[in-house]
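Shared between the two complexes below is chain A, which pairs with chain B and chain C, respectively.
The block that comes next holds the complex of A and B.
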């Protein structure tokens, strides 16, 4: 096996020193000369028509420079998510919102915005805007939203269902159930949860006098966001520049496309005020007015033969899409595909969709439907194991997908290390101790559970998907990489340069990267779908190969040998079989500057080329494949039956990530995902009151796990080579969240004998369940 | 009491002198100016982040006379005559502080938005307690939310820094 010099090593992250010293640039830190501050007036009602809106008093307030409403801003329908730029034909993107409309559809919906010389003045001006509302009927539950009594939130072919229903047939599911010996069927209820990235939605917009628009913002997808803004404001895309400055304070899917409406509102205000405008959401705005994860209902019907062979599965999802579509068509698609891709089941059927309600729009969040699917499926698999009397681990090993198995996806299952993940994880958690942890009469009950899953390494076939990159050899032989993907913390600003250094043949400190800027990088779909390293990385490898090829061709002329005979290593070029500086007579020599040389540095070569009016510019243009990462999580929990609290003691998380380009970054992605999964299982939830208001709209009420809540997390990497990925790599970003919740709820069952078909398992739910089990009414 | 001026509308503005990262700054501010905004807007020290402005997230943690505080819950006026240390002031001259060095070495961050507050809280802990246990570290940073890392590498970095104090 080839020894790599740069990849596969946990090098110091290239963003480390900036971030450790507080000097890294974020949108919310930006200040431009003459910059104004934008604030947004939001609807206090869940569904209402705006009868009248009077901004005259607000406009008179000294310091106010612009007031924007539906009357003086773009009437172009759009979608804040990037779906409006990459929906795959024949499906059509759902365009269902304006920047401001005369109907508001959830508490927090945008009514107006003010730009003023200070945040305080802008806030004061909002209070002077007079709005008269006519209240409309409301609905909050996706099943109810589809009934005839429910109000129409948007006109749709099927009542309140955005886009289309996703149906995935595979084999003959009815026949499959008829032939099954054992059938388990269950419905699960899932909560609204929030990405809760640390930097809230933010944008700074500057509109120049010649109509060029520059927007610094927190988007995960600068290039698609440029397309959205160009359409929204009817300007050529060439006049819109979108960039990160260059970092983003987390994403987890919440800004694929626009950062909620921060960019459109900042641009609209900047156009009106003719000054740069900064819009930074407060934490409350971030909660109530930027996409959540889809809540809703997922039901699973699983049929198996007596020996445990899965024979039929019916999966159904009804998701709460909230007031606007965002990713409400794609999310049920991924939910179904991922749910059907883990086990080899010859007869399957999936039926899923979202429904509009008068709640905060639901969009992309880490896992994108997959955590919803796998919580339901993995719970059902454990129920099936119990019914069959088979160990849940053995049942999984018997049924998991293998390389080459037919499945519902249009790409191959090209690699799987899942069996190895399961075996390693089981060893790490001590699976053999399962069921032997409790003494009779114990008040604190311990249990062990597991969950498995897969995911994607990019967005195709759910979205359009392609990547480009430039790798340019500078005149001193150092290397510049330009890629349009952001680094929202996932380490792309380190791992993509690692790929570049490895391919070109230079050390990492010779590589520098420009990222996430539409003006200086070629088009890239962006950072989502666990795709940045896998997909953008493939373009980077392609560009680096192209640059290296040009270098070697140029050098071949000097050495008068075929380029294939030349080696480029550690920034030195020399003929193969001869080490740099070697003085073996008769070997090829190159003549440069009148001197004969056995080797030449990239620095000398690049400058020689420069003197002859040439630069090496590598271009990578690729359409990525897709590939499945795999993961097995094991959790040990302790349920305090007196306090009704669940504590996760240990998690073993083993992931098949393909080649780990930077192992510590891979592990960090997994650890962070695990903790978000613990929150999903036990503490995180946004509920709405009967007037459509979020009950959990701050970190004081929405319970994120803190450093005190972290169990021991044992992370393991399995590196099953993925032929389609750069150096064999696959996606990893979202995976840690996927099978965590079911591992925990299955462990809770193991401890208490109670199935929880609704998460999060809060103290209240545990209290009620324990009472019910003891035969008492609450 | 700080001396003040009254503007045409009758609003009082107070002259304060606050020590920040070893330098003294005299500014005229409103009584309701938050320390976090004084640092970020008046001094352009944007290393201190605003994550929630309610004292929940800890992104704005700074040291006030060596003790960690949420700068969104402290009035700048109350810092008159006091010494504030922000993320930018942790560094020891040209060299990184040992806590920063260990955060870099352990990749104890991802997006970096909580990192400033996290490093300030960690440094404040080590100033008080140079031999912290795992539990001490977790308790010291329990008021600093991180959504990216699972805190694993952060705790490791702080414990490792303590070893080299």
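The block that comes next holds the complex of A and C.
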């Protein structure tokens, strides 16, 4: 195997010093001369018509420079999510919102905004806006939203269902169940959870007098966001620049497209006030008025032969889309496809969609439907194992997808290390001790459970998807990379330069990257779908190869040999078969500056080219494939049956990530995902009161696990070479969250004998379940 | 989310603070660490016209052992002062341990014992253990001072018996006949969570018999409450698992919790039963922990 010089190594992150010292740039830190502060008036009602709105008192308050409402802002229908820009035809993007409308559809919906010389004045002005509401009937549950009695939230072909229903047939599912010996069927209920990224939604907009718009913001997708803003404000895309400054404090999917409405509102206010305007959401606004994960219902019907061979599966999802359609069509799509892709089941059917309700819009969140699918499927698989009397691990090994198996996806299952992930994880958790951990009569019960899954490495076929990159050799032989993907903490600004350095043949410290800026990088759909390294990385490799090719062609002329014979390594070019150096008898010799040379540095060569009026500019333009990463998680839990509390003691998380370009970054992604998965399984949830208000609207109330709650996490990497990925890599970003919840709930079953078909398994739920169980057994 | 305007004073002595408070009456509020008050002011739940900061009263920031009498805790000690105090660790580790379970490190660095008491939040973590240890609170006003039993300070959720001009200056934990004490907090995560239930106990055990007991419950009534029936039940009993379990059952009958987003009344009641038993066991076996 080839020895790599830069990739596969956990080099120091290129953003490490800046971030550790607090000097890295984020939107919330930005300040421009003359900048105003924008604040948003939000609806206190879950569904209402605005009968009248009077902003005159607010406008009179000294320091107020603009007040925006539905009356003086764009009446262009749009979608805050990037789905507006890359929905795959013949599907059409759902456009169902305005910046401000005369109907509000959830508590937190935007009613008006003020720009003022200070945040305090802006906030004071909001109180002076008089709004008269006519209350409308409400609905909060997606199943109820589809009934005839429910109010219409948006006109749709099927009552309150945005876009279309996703149906995926495979084999003959009716026949499959008829031929099955054992069938398990169950419905699962899923909570609303939040990305809880560190930096809240934020944007700073500057509109120049000649109509150019610049927006610094927290988006995960600068290029698509540019397209959204251009359409919304009827400006040519060439006059809109969207960029990160250059970092984002996390994302987890919450800003694929606009950062909620931070960008549109900042631009609208800036146009009215003719000054730069900064809009930063408070944590409460972030909680109630920016996309959540889709809650709802997933049901699974699984049929198997007596020997454990899966034979039929029916998967159904009814998701809560909230008040506006963000990714409410794509999420059920990914849920279904990922759900059907893990096991080789000859007869399958999926039926899934979202429904509008009067709750905060649901959109993309790490895993994108897949954690919802796998919690349901992996619970059902354990139930099936019990019914069949087969070890759940064996049952999985028997049924998991293999390379080349037919499946529902339009790309190949080109690699899988899942069996190895399962074996490694089992060893690490001590699977053989499962069922032997508890003494009779113990009040603290231990249990071990597992869950597996796959994911995407890219957004296609769920969205349009392509990438470009430039790699330019500077006049001193150092290398500049330009890619449109952001680094939201995931390490892109280190791993993409690693790829560049490896391909060009220079050390990492010679490479610098410009990222996430529509004016200085070519189009890229952005950082989501676990795609930045896999997809944008493929474009970067392509661009780096192009630049290297140009360098070697130029050098070939000087050496008077074919370019293929030349090597570029550690910034030195020399003919293959001999080391760089000056006294290599019989080697081709090149002439530079009148001197005869047997090798030449990239620095000398680039400057020579410069003097002859030439620069090496590598361009990468690719349409990425897609590839499945795989993962197996194992959890050991302890249930205190007196306190009704579950503690996760250990998690073993083994992931097939393809080639690990930066192993520590991979592990970091997995650990973070595991912790989010623990929150999903046990504590995180946003509930609503009977007036449509979000009860958990702060970190104080929302039970995000803290650093103190982190259990022992043993991560493992399996590197099954993926032919379509850069150096064999695939996605990793979202995967840690996918099989965590079912590993935990299966462990809880193993400990207590109780199936939880609704997460999170809070203390309160455990209290009720244990009471019910005790009542039954008495 | 922004502080309202107010007049600000930072007096150099308790007397001066009382003077200012007397002068401005209802319009004024004392400010200590601000971890409760500033949050309330930003959320528009409180808008004092005058803020009297006690931050300069250095003499109120000490924990001291008074030989033969007990431990004096200055009212402006922060939670982390309590956590780090060698005196408390040696004499009443249960108090230091209660402080350690509060909030998060940032809040423990700022929040004070006075603020924790005077805020009178039913779920506050320090009052139960202080009540169990029979601590007293010294209140200094413009016209003089008085000392109250800790449990008599509270008048309702967010309400105390302090007069407008009174400043809490000292908490005194007397030398004990109690041989052990313990506080158990139950929050929904390990850090940054308010108590769903808090149970504090103190016991005097001699030759395996409980001579005296005090049990105080937090987060299960409008104020921290004594479980007096439980205390009576325990007195004179031999320490057995059954007795401690029975004490738990009695204590759970003595609380009146509410249901809120964190837990139902029913679950809270049951937690009181378990924690009373567990806290008693710890106090009996391990002393003041």
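Going forward, the second predicted complex is superposed on the first by the 774 of 778 C-alpha atoms of A that agree within 3 Å, B and C clash if a C-alpha of one lies under 4 Å from a C-alpha of the other, contacts with A are read in each partner's own complex, and residues count from 1 in each chain.
As a convention for this text, a contact is a pair of C-beta atoms (placed from the backbone, for glycine too) under 8 Å apart; a residue touches a chain by one contact, two chains touch by 3 or more.
For clarity, every value in this text was computed on a predicted model and none was experimentally measured.
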- Query: When the two structures are overlaid on chain A, which partner does A:643 contact: first (chain B), second (chain C), both, or neither?
  - Reply: second
Original post:
Is A:17 in contact with chain B, with chain C, with both, or with neither (first, second, both, neither)?
Top reply: first
Of the two partner chains, chain B (first) and chain C (second), which one does A:248 touch, if any: first, second, both, or neither?
first
Field: chain B versus chain C as contact partner of A:763, first or second or both or neither
entry: second
Would you sort A:219 into first (chain B), second (chain C), both or neither based on which partner it touches? neither
Please indicate which partner A:282 is in contact with in the superposed arrangement: first for chain B, second for chain C, both, or neither. both
Across chain A, the partner (chain B or chain C) reaching more residues is B
- Item | Touched partner set for A:259, first chain B, second chain C, both or neither | neither
Partner chain in contact with A:599 - chain B first, chain C second, else both or neither:
neither
**Prompt:** Looking at the overlay, what does A:668 touch: chain B (first), chain C (second), both, or neither?
**Reply:** first
Chain A positions within both the chain B interface and the chain C interface are 282, 699-700, 704, 706-708
In the complex, the residues of chain A that touch chain C are 119-120, 123, 282, 642-644, 683, 687, 695-696, 699-701, 703-709, 762-764, 767
The residues of chain C that touch chain A in their complex are 1-2, 104, 186, 188-194, 196, 261, 263-264, 266-267, 270-271, 274
Per the touch rule, the chain A residues reaching chain B in their complex are 10, 12-13, 15-24, 26, 28-29, 31, 195-200, 247-252, 280, 282-283, 488-491, 664-665, 667-668, 671-676, 698-700, 704, 706-708, 710, 713
Residue set of chain B touching chain A in the complex reads 40, 44-54, 56-57, 59, 86-88, 90-91, 96, 100-101, 103-107, 109-116, 119, 137-139, 141-155
